[in-house]
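Same chain, two partners: chain A is paired with chain B first, then with chain C.
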Partner chain A sequence: MASEQLWSQVAEKWQTSFNRLNRNEPGITGLLTFSEAWVLARDFLRPRDIDEPSPKSTVNRQQLRAAFDNLAQRRMLTALLEEFLEDMRWQLPHITKDIEGLMKQYEATSDPIFIAGCISRLVLWHKAWAPFPELGPTVVNAFTNTFQTHVFSVLPRSFSHGFKSLVSATLNPEYATEPPVWITTLFPQSGPPPDRWDKPLWQAFEQLGMTERYESLIASVCYEHVEAHMIETYSKVWDRECLSEARDWMSQHILPWLLMPYAPNAKTVEEAAPFISGIGTRLDYHVCKTLADLRTREIFDIIVDFPDSRPALDDLKKCILRVDHRSTLVKTLRKENAHRLLHPGADTKMILQQYVSIIKCLRIIDPQGVLLFKVADPIRRYLRERPDTIRCVVASLVADHESGDSLVDENDTVQPLQQAQVDDYSDLNWEPEPQDAGPDFRTNKPSDIISTLVSIYDSQDLFIKELQVLLAQRLLAIKDGNFDRERRNIEVLKIRFGEAQLQVCEVMLRDMTDSRRTDQHIQSQKNNDTTQLHPTIISRHFWPSLQTNTFTMPGQFKTIQDAYQKEFKTFKPDKKLVWMSHLGTISLDIELDDRTVSADVPPLEAAIIELFSQKDIWTIDELIETIGSIERPAAVKALGTWIELGVIKEEDANTFRLLQVADAAASSKTTQRPQAMAVEDEVPIVTAQQQQAEQMKVFWKFIEGMLRNLGSLPVDRIQQMLKFAPGYDRSVEQLGQFMEAAKREGLVSVKDGMWKLS
Partner chain B sequence: MKVKVKNWHAIAQWRWDTGTSSDTHDADDEGDVCGICRVPYEGCCPSCKMPGDDCPLIWGECTHIFHMHCLLKWIGTAASKQQCPMDRRPWVTAERKINN
Partner chain C sequence: MEQVSTTAAGRGPQKSGATGASAESAGSVTKRLSQELMNLMMTSPPGISAFPKSDSNLFEWAGTIEGAVGTVYQGLTFKIAIHFPSNYPFVAPKINFVTRCYHPNVDIHSGAICLDILQDKWSAVYSVQTILLSLQSLLGEPNNASPLNTAASQLWDKPTEFKAELLRLYRPAEDIN
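For the complex of A and B:
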């Protein structure tokens, strides 16, 4: 029953198929023609080894067409296609062999020419096997799919590398003028030569579907090329804006190239625009990123070069807007600073200079100051620990603009120091802080450099103190009585620090003018025998502590001083003078038997030579005893000056004799340098730091007493008690440091945080 | 040998000649202070900015010395009863003898 039904079903199907193939032709003639057509078509399509002669040319096209029509009528094309693909699978090992051979050669030589060869072979295979386009897109697509699937499956791993180098060869500028020889041999072109030499190659890629498959590879070649070009061209080029230049270069050199892989069929640039806009944007981003990376790497040197490197900074600013690079920049600059700037080998002045440049540069890149805030923090912390930072800042405050010491532009308008500002809620131009601003970021309204430098320290007092010291040094060193410059400096600083802070300096300057007036008055007196002496009379308490190993000048110096003192008393009856004999300079003529030596010397030297006019031979101990309250090294140094000048000679150890007649050996020296070198020591003014140490000595007495009476104490307790001492303003940390120092000197010992006398 | 001084740029401090600690050369010595404002004589009284001739001293018969401005201010108050703030004797300004 069932089988009968089956039978009839099969018979019915068979009849339908037969009718389809036979096309109602009489007998089986239809079937026969179909069979003929099938063989013909299949034989025509069958893929062959391309090294064997192709039979295609011998086939009669008319006949072939009829055969295909026949097959199409019988709806057998699908079957034919399957057959064809099956045949192709059988033939594929030919291609595999071909590819393997060429790739082996490539692997051995790494020459992309073999890749080009490989591709050219593949194109030949492809062309030879490709079925008629008239067969319809289905057939062509199926063929292409199978072909590509196979080819890509057998291409070895090294192919992608070779492909990359082949693609990059197309970017080789040398080939642009003189295309490589292989291009014409491997990819022969009919018709006029293409507008780009590499066009046939791209067409081959397109044909084999490689453009699509290796798109990322092609893009990476392009990226690498752009990167290499930019690094080569723009490294250390800071004096012109490179970004626009790079963009021009892109549109001139890279864009035409991009047309090949991305818009192969476009005739004009306008037509190609939609195809390449995507990759174009990505490339532009890449250009910005490359430049930003490059400039970030160079940022430290760019800053060193500022302001010559201004264009580079403008570039960087634009790039950073495009690519989010701020954190990298901060990180790099911080690292560079730590590595190259904030180390003991760097001069404080240099650090400050670089800091100022960093401020200026980062303000160009990021006017809101977030970058600066982040970068500056370690520098400021480091500077705070440097002992001479204040002095450097102050020195630059009062420096000559001509000497180049100054950190500030002369053009900067002088303005009062700015304190941290609170937000102005009524500011209509208010802008939120950038999103990478830290929680402790304060919007610094563009303040001037000096305010920024001064704000390194919490208090301005330190600066004022140091300024006072510096001013004292300069004023006392002035010989010609011209201190207009100092006055101008003080006026400028008054604007910055405020009048009240600089009151002390004002007194110092007035002392200078008063001294001159007093001196003029005294010199104009009759029977005046003090014409040589021109003292600067200072108000104590208003000048920084001057070192006080004051001694009495001997001989004629004392006479001159006393005479001056007397004149002064007449002029100002209720005042008197206390000579600071160790300060100042004296111009002397030493008249010896055979020569006269002139010298500008400090008073101690003068005192010593004066003593030699009393007797010819002195020992150093006698000299010290006679002059009194001078230190031995100072005396030795003073004697050294005269030995240098050939005036005295060390006979035995520590015994010196005046050379009334020049020593043969020494005189040659003196004739070489008849004019004595001006001894220009720094005026020995106690620096703020020394003052602190000096003060600490006083407190040490308290500490010593405390520890003696109370046994051992923790630092906190000592600090508490010291707070009762007048003028004590140290922090616990400072006290801790001091105690450590005392421990090093073996004065105290510490156990479990308890200090006691050792 | 003869040492000839051509030019001498010296540094000196001025002091009020109070007649007392005249011989101290110790510059570290803070010096005597005005009994009213507790500022050294060579400093200036709280209402002055410039020391020296702008803020002179005043000597009393009682040998006490003050900044002139400080004393005048004190004398100007009713509570002073024209007395020296140190010893409560009537204030009499001493004539400065210019001899030494």
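For the complex of A and C:
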């Protein structure tokens, strides 16, 4: 029963199929026609090795059409397609062999011409096998899919690399004027030559679906090209704005090229716009990023070149806005600074100059100062450790602009130093801190450079102290009595530091003018022989300590000094005049038997030659003893001056004789030599550092005293006991270092942390 | 210090006078002693030295005296203890030898010293430095008229025997603390 039913069902199906194929033709003629049509169509479609002669040309076009119609009527096209794809699969090894051969050649030579050849072959295969488009999109798509799947699956790994070099060849500017030879042989064009030489190549890519598949590759070629171009063209070019230039170049050279891969069918630029806007934006970003990277790498030198490099900074500012490069910039600049600036080889003045430039440059890039804050921190910390930072800053404060020492522009208005600002809650223009600001970031409103430099140290007192020392040096060095410049400096500094801080300097300045007045008064008394002496009278309490090497001037100098002192006492009875005999200059005319020698010399030299007027022969020890409290090297130097001037001569070791009559040999020697520069330029003011060393000597006496009387002590006990020493302010660490130094000199020894005198 | 005296002045004028005066004198003694220490440290005369024993108390000092060259005490170092009274310098400091010292004017056991400027001849113009210098010279030139150590004073005229006795009793200075 059941089998009978099944039988009838099968029979019915058979009948339907038969009817479909036979198309109600009498007998089986319909079936026969179908069979003929099938064979014809299949044979036509069958993929063949393209190197064999193709049968297609012999086929009757009409017959073929009839056959396909027949098959379509019988709804057998799907079956035909399957058959076709099956046939294709059988034939694919031909392509594989072809590709492999060409790729092997490429791998051996790395010449992209083989990639071009490979593509040209693939195009041929594709063309030869493609079913005609009348068969409908389904067939064509199915074919394309199968073909591409196979091709991409057999392409070796090296292909993408080769493809990349082939694509970059299309960017080669040389080919723009003279296209490579292979393009015409590999991709013969029937029509007129295309407007771009590489057009056939792009068409081939498109045909094989490679544009889509290798889009990222094509984009990366473009990026790399842009990057290489920019680095080549804009490295170290800081004197013009490169960003806009680069953008122009992009729109002139890269954008037209982009049309090929991204908008192959667009006829006009407007038509292409939607296709290339995406890649265009990405490329613009890439341009900014490349420039930002480049300028970040060069940032240190850009800052060195400032202000000539201003356009580069403007570029960097724009780029950084676009690509958010701030942290990299900070990191790079910090590293560069540590590497190139903050090391012992760099001069403090240079570091300060670069720091000032950094301040100016980073303010251009980031007006809010977050970058500056982050970069400046290590520099400031380093400068704090340098012993001569204060001196350099102070020197630049009072430097004249001609000498080039100044760190600030002449045009900067002088303004009071700014203290760290507290937030002003009533400020309507308040802006929040930038998001990359650190927790200890202070919004520095654009403050002037000097304020920034002075704020390296917590206290201004150090500057004032150093300023005093410097001012003392400069005042004492002035010989023509013109203090206008110093007065101007002091006035400028008063605005910066405030009146009260500079009172001491004011007193120093007044001492100078007062000295002249006093001197004029004393000279006007006429009843003495003080006319040759013009002292500068300074108030001890207001001046930094001068080196206290006072010796007594002998002979006539002493007489003059005493006479002056007497006059001074009557003029200003409440003051005491103490001579600093080692400072100043003395103009001398030495009358000898046969000649007169004129010289401007320091007092010690004068003192020594004065002694020679008492007797002709002195030993150096006698001289030192007579003058008193001078050091041997100083005496030797002073004697050297006179020997060079040919006034005295060293007879035996350390014995000197006055040459009343010029020594022939000596005078000829003098003429050969240039006139000795006997006048010392540097006024011996005790610097802060020397003062410290001086203080340490005092502390050492205390340490010695306690160790002698109390035996051995641990270092913290010494530290405590040192509070007896006036002005002791060192830390235990500093004391420890000092003790170690003393140990090295063999003054003390240490055992189990207990120090004792050795 | 001023603040202390003004608040005290509010409570009672009589009391404030006393407090202020004593505080002031303590302050001036400290100042004087600091000054003396500073002078001593800066001049550092050869062979003598002294320093406060602790940083909290300026009234107790330890001193060192080296025997002068040419005397029997040459090459020996003596430690002394100095105690300043609170009304120094109007009263002389109390000085004892810590190192055992065989000397006509020094008690061999207690280290007490018989020196006129430390007793009736004391004057406020003397300082630690002058006392130490006096002690150093006393070692070489004892006052045999008022001996504390009669045996030593009798032996003084025989330097060789005196030195032998001195060295027998002498113990080199140990650390005080």
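Criterion: the second predicted complex is superposed on the first by the 635 of 758 C-alpha atoms of A that agree within 3 Å, B and C clash if a C-alpha of one lies under 4 Å from a C-alpha of the other, contacts with A are read in each partner's own complex, and residues count from 1 in each chain.
As a convention for this text, contacts are C-beta pairs under 8 Å (C-beta built on N, C-alpha and C of every residue); 3 or more make two chains touch, one makes a residue touch a chain.
Predicted, not measured: the structure shown is a model, and the values here were computed from it.
Applying the stated contact rule after C-alpha superposition, one finds that A:583 touches chain B and leaves chain C untouched.
Contacts of A:85 after superposition: neither chain B nor chain C is touched. Touch counts on chain A: comparing chain C and chain B, the chain ahead is B.
When the two structures are aligned on the shared chain, A:723 is found in touch with chain C, with no touch to chain B. When the shared chain is aligned, no partner comes close enough to touch A:757: not chain B, not chain C. Shared-chain residue A:66: touches no atom of chain B or chain C.
By the document's definition of touching, neither partner reaches A:237: not chain B, not chain C.
Shared contact residues of chain A, touching chain B in one structure and chain C in the other, are absent.
Those residues of chain A whose C-beta lies close enough to touch chain B in the complex are 476, 479, 503, 506-507, 510, 514, 532-542, 545-546, 548, 550, 555-557, 560-561, 569, 572-581, 583-593, 598, 603, 606, 609-610, 612-613, 658, 660. In the complex of the two chains, the chain C residues touching chain A come out as 34, 37-38, 40-42, 44, 49-55, 58, 61-64, 79, 173-177.
Put simply, chain B touches chain A in their complex at residues 1-17, 22, 25-28, 31, 40, 42-43, 49-53, 56-57, 96, 98, 100. By the touch rule above, chain A contacts chain C in their complex via residues 698, 701-702, 704-706, 708-712, 720-721, 723-726.
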